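Just below sit the structures, each encoded as structure tokens.
Both complexes below contain chain A, partnered by chain B and then by chain C.
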Partner chain A sequence: MPETKVSFPHLGSYCVPIEYLFTRGVGVDYVTPPPITRRTLEIGSRYSPDTVCAPFKYNLGNYIETIEAGANTLVQTGGVCRLGYYGELHEQILRDLGYKVRFVNMARASYSNPASFYSEFLSINPDLSLKRVAAVLTLVLKMVEHIDAFESYMRNNVGFECEEGSFDRLHQDFLASLSAVESHKELSAISKLYMRRLKELPINRPKNPLRVGIIGEYYTIMEPFSNHFMEKSLARMGIAVDRWINISNTLLHNPSKKVITHIKDYAKYDMGATAMFSIDKALEFAKKHYDGIIHVKSFGCTPEIDAMTVLQNISNDYKIPILYFSFDSQTSETGIQTRLEAFYDMIVMRKEDRK
Partner chain B sequence: MKIGIPRALLYYRYHTLWETFFEELGVETVISPPTNKGILDSGSIYAIDESCLPMKIFLGHVEWLIGRCDMILLPRIASLGRQGSACMRYQAAYDVARNAFRGRQIKLLDYNVDLRKNGGQIETFLSLGRAVGKKRAQSLHAYLAARQADKAVGTAELLHQQDLLRGDRCRILVVGHPYNVYDPYVGGPVLDCLRALNTVPIIADIVDRREALERSANISSTLPWAFNRQLVGAIDIYRRYVDGIVLMSTFPCGPDSLVNEIVVRRVRELPVLNLLIDGQEGSAGLETRLESFVDIIHFKREEDITLA
Partner chain C sequence: MKAYLGIDVGSISTKGVVIDSKNAILASEYLWTEGDPMGAVRRLLKALASQLEGKDVQVAAVGTTGSARKLTGAMTDAQVVKNEITAHAIGTTSLYPDVRTIFEIGGQDSKIILVENGIVVDYAMNTLCAAGTGSFLSSQARRLGVQVEEFGEIALTSQHPTPIAARCTVFAESDLVHKAQIGHKKEDIIAGLCKAVVTNYLNNVGKGKKIAPPIVFQGGVSKNVGVKKAFEDATGFPVTVDPNGHLTGALGVAILARKSGKEQPFSFGVADMDFVTRGVECGKCSNRCEIICVYQNGRLIDSWGNRCENGAIRAAK
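Now for the complex of A and B:
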């Protein structure tokens, strides 16, 4: 049997910890999917059903491109909403296209039976050491938290950098240095170092900048290509951007129980996937007098469409503008920029008026 | 007290249960009329544009009931336990309606099924009884009667459908959510047209549900949604008895977008038509599509006969 070369679809910067988990923990080679481009989305869409949500198409594009780059074992996680069924169809489509790869679908494992996950991992590497996976996994989760912390600060300040590109460069260096860490100690030292350097980067931040909060569906909010680099565009307009959705906040420290009490004036039940979080954070941004909120999702995203009915009420009650974006494979770049600029003009004017 | 029941979404699956339950308790009900253009139009005003057609129709029915009853029954389903999960939309329907009609002074009657968190269906009915001021024993009795009635209706439907499987007329399996298939505004024209084309529509929703749940794994093993599982299992049950399959979905449907693709790729021995209904298309387009689909089936049948 040829040597195992695993790959997993892109999601923002998380390809770094994922690669770490597979190479160091599971003990197999890892192929990072080539960076997402128009082509990724094009081939992903070509072989996907038309009406499926965009993350499915991006993932499929990643799979095909990473097979071309040498991967022979593909992993899909499973999860809530349609994600729980992505894997079986991805595998079927790849088979029908004639790709001879191993497809590890975690949706086959069940959450009520953690051992079933172990057996899915065993299918990737039969010599797997449970102890090592567990050890590496805790390190990887910490790594995720450090990345999230770095990016949160960056998102909020990059719009004011004195030297163009200084944040991005440091971010790239930080991610690159993470793959070399050997221990928790090193991880925390490296992260601290980069966090300090990040905070030392010269910025020219006004006392009272425009503040915009981003909310929305999991994938679209976290994968910059899929939201047309929305955060970058906002930064270029000199806006301090905040978003709460990332892996640390949702998966590692899931606050669902608390959230449902925060939002009880607007929703009685969990409306599915990220809907509750979108409502909760919209409410928080509104109460903190942010200048505006941007809601992003892939076209047809069921739970976020349902959240929108609630968001409209929040927008009315707190008089906070919310701009809604729904992305599919056809979305035009100019359309987005035009709407963003109009939104920008509006929040600037509102801020002036309030003075 | 009068309870309003929207004739939409889960109504088509649970109406015998609900109606019998309230009848037994002596609670008056009013059910919104079958979907018409007016209902769809008013629902579309309240729904987010991108919502699926059934959600728009649902809100239209809720709107119709406002002012015509004291409370509106608003079902929410999050999980059916081991049978599977529910489309996120059933999970959100309650709060969507609550927010869409905020300010219209409506009183909502909760019907919440979440088997991960609560007890079984019986708990849901007991709390429904409580909400309309009935004693536990009364509600229990009414629930059991409702179960019985629901079962009787199910059995009768199943027997009738089994009759249709005999004889050699051309049969077409119609696979779709009950609120699509049975809604006269959505699936009605499709069924009418199939009958006019001299074929017998077999309804996938009418099936031994337990058997269907089990057999769905023959076609797809990780399917998360209970209702889709049943439909897919029904395909496995009926595939030997029909000449073609119509997958009837509304736009844009989360679960169906994936499930239909799996079916098309895995049920290869039969012609399959993926029929997407958006509530806009005139009947002419629909008729043409169904006609050419039925032509293909006849052509294939003749070929099979010649080969045999």
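Now for the complex of A and C:
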């Protein structure tokens, strides 16, 4: 058996803590998938069922590109929508394509029984130390929270940076420095340092900037390539962008019980995956008088389609415009740019009118 | 006299207007794009120049819109390059200040714009699917052996419009063939198609939007009285079609050019200059962006299409 080289598909900047978890915790080599490009999506789409949601295609593209880069053990997670079936289908497709890799499908483990995760990890490295995995995992979860906090501030302010690229550069440095931390203490010191440097970056933020909230489906909202770097486009227009969906808020501090009470006037039953979060946050953005909301999802994402009719009610009641985007494997920028520019013009004119 | 030029280059047609400082139209032209936006703009500029011949008019600012707005903007060194949604809203509200709902169906796309007190408050545009747009109607007209320009008048003669499945162009087409083969009258089928276009529009583009009067209908398909009537039947409100409805995008962007405050004398002589575009594939990463370079008389004037700085090609200005 050759040396184990693990890989997990990309999701925003989370490849950094994931790599940390596998190398430091599970004690195996990790291959970070090559950055997502058009080719990733092309090969992912070529071997995927046409009507499957776009994240499946991206994940498959990541798998094939990491196998090319030397990975031999692929990990997939479970989920509460079609995501729960991804692993099984990915594994089958990769086998049919003739790739000889080990596939570890965490969908087989269950959240109600944490020990079942342990046995999945054990299949990656039989010499695994439970104590070490547990210790590293708590560090990794903290790391995720620090990354999320950094990016949250960044999203809201990068549109006003005085020097173009200053936020991005610091962000890259921050992520790079994380892999070297050895303890909770170091992690907290490094994160504090970078957070301070981030807040010291000169910005030219107007008193009342345009504010746009982003809501939508889990993957498309968090993987910038899959939403055509929408947050970046909005920032370039001089908009303060907010989004609540990230790993910290959804997985580590999941508020689902509160969500149900927040939105009881609009929806009674959980429609699965991120649908309730989308409704809850749309309502919150509306109540806070944001200038607009953008809803993103992969084409055919059922929970988010269900949420959309409710979002229209919120849009009508609070008179807040909501722009809807559905992404598949198309890569043309023109249509997206046209809609975003029109959205920008609209919120600018609405704001001037209110004055 | 100071004037302002607005150019709207769509997938099917190219529109241009020259307005004075009170938004009155001094010259206008409408012609086919024929897949060659630069050639169309050249013909457009020549036509506008000949309409203005002998008049003391100096174009002080240029605006471009439509799907070829960037290319046209580079050609004319435009002061304003604006998306067609905003341009249409500005153009329409200048003609109809009270308008609440704008239906727009063009050659390849369709949109709905909701307006309150002259301000756009919501809009939507068709995605992923071109069902029920102008090019669909013209291909069906060809199939039925009718000129698309006569479509509307024929539709109005129908007493019993044939129901046609409206969800998807492909389904609509096979449904239409089927209905024709079992003996439905041509005028009924045509009226049914007009209804199908409206149903499709209201279910897709208009989904969840509150449609309030006054309603203005524009874009190429608005010239079809059958579709206009189907809109009136479906919404229960009168629908206005402006005789200059096809020009609203160009008018809107001309107004935006006027309001931009940026001025630079424009010469219609641009029409005689030599413009070439060249597509270069950037090989710096596997995104392989297609970068479009625009040359004027052999000199690079603009480029776009790169996703990152590595692919930036700078024009020598």
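By definition in this document, the second predicted complex is superposed on the first by the 353 of 355 C-alpha atoms of A that agree within 3 Å, B and C clash if a C-alpha of one lies under 4 Å from a C-alpha of the other, contacts with A are read in each partner's own complex, and residues count from 1 in each chain.
Rule of thumb we're sticking to: a contact is a pair of C-beta atoms (placed from the backbone, for glycine too) under 8 Å apart; a residue touches a chain by one contact, two chains touch by 3 or more.
What you are looking at is a predicted structure, and each value in this text was computed from that prediction instead of being measured.
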Partner chain in contact with A:Ser326 - chain B first, chain C second, else both or neither: both
Partner chain in contact with A:Asn204 - chain B first, chain C second, else both or neither: neither
Touched partner set for A:Phe299, first chain B, second chain C, both or neither: both
Chain B versus chain C as contact partner of A:Thr261, first or second or both or neither: neither
Of chain B and chain C, the chain that contacts the larger number of chain A residues: B
Partner chain in contact with A:Thr309 - chain B first, chain C second, else both or neither: both
First, second, both or neither for A:Glu341, with chain B first and chain C second: second
Which of chain B and chain C A:Arg350 touches, first, second, both or neither: second
Overlapping contact positions on chain A, where the chain C interface meets the chain B interface: 299, 308-309, 312, 326
In the complex, chain C residues that touch chain A: 67, 82-86, 117, 119-125, 127-128, 208, 210, 285-288
Chain A - residues contacting chain B, complex: 49, 51-53, 56, 78, 81-82, 84-89, 92-93, 96, 105, 107-108, 266-273, 275, 299-300, 302-303, 305-310, 312-313, 326
Chain A-touching residues of chain B, taken from the complex the two chains share: 47-48, 50-52, 76, 78, 85, 87-89, 91-92, 94-96, 98-100, 102, 112, 220-225, 251-255, 257-262, 265-266, 276
For the chain A and chain C complex, residues of the former touching the latter: 37-40, 299, 308-309, 312, 315-316, 319, 321, 324-326, 328, 330, 334-335, 337-339, 341-342, 345-346, 349-350, 353
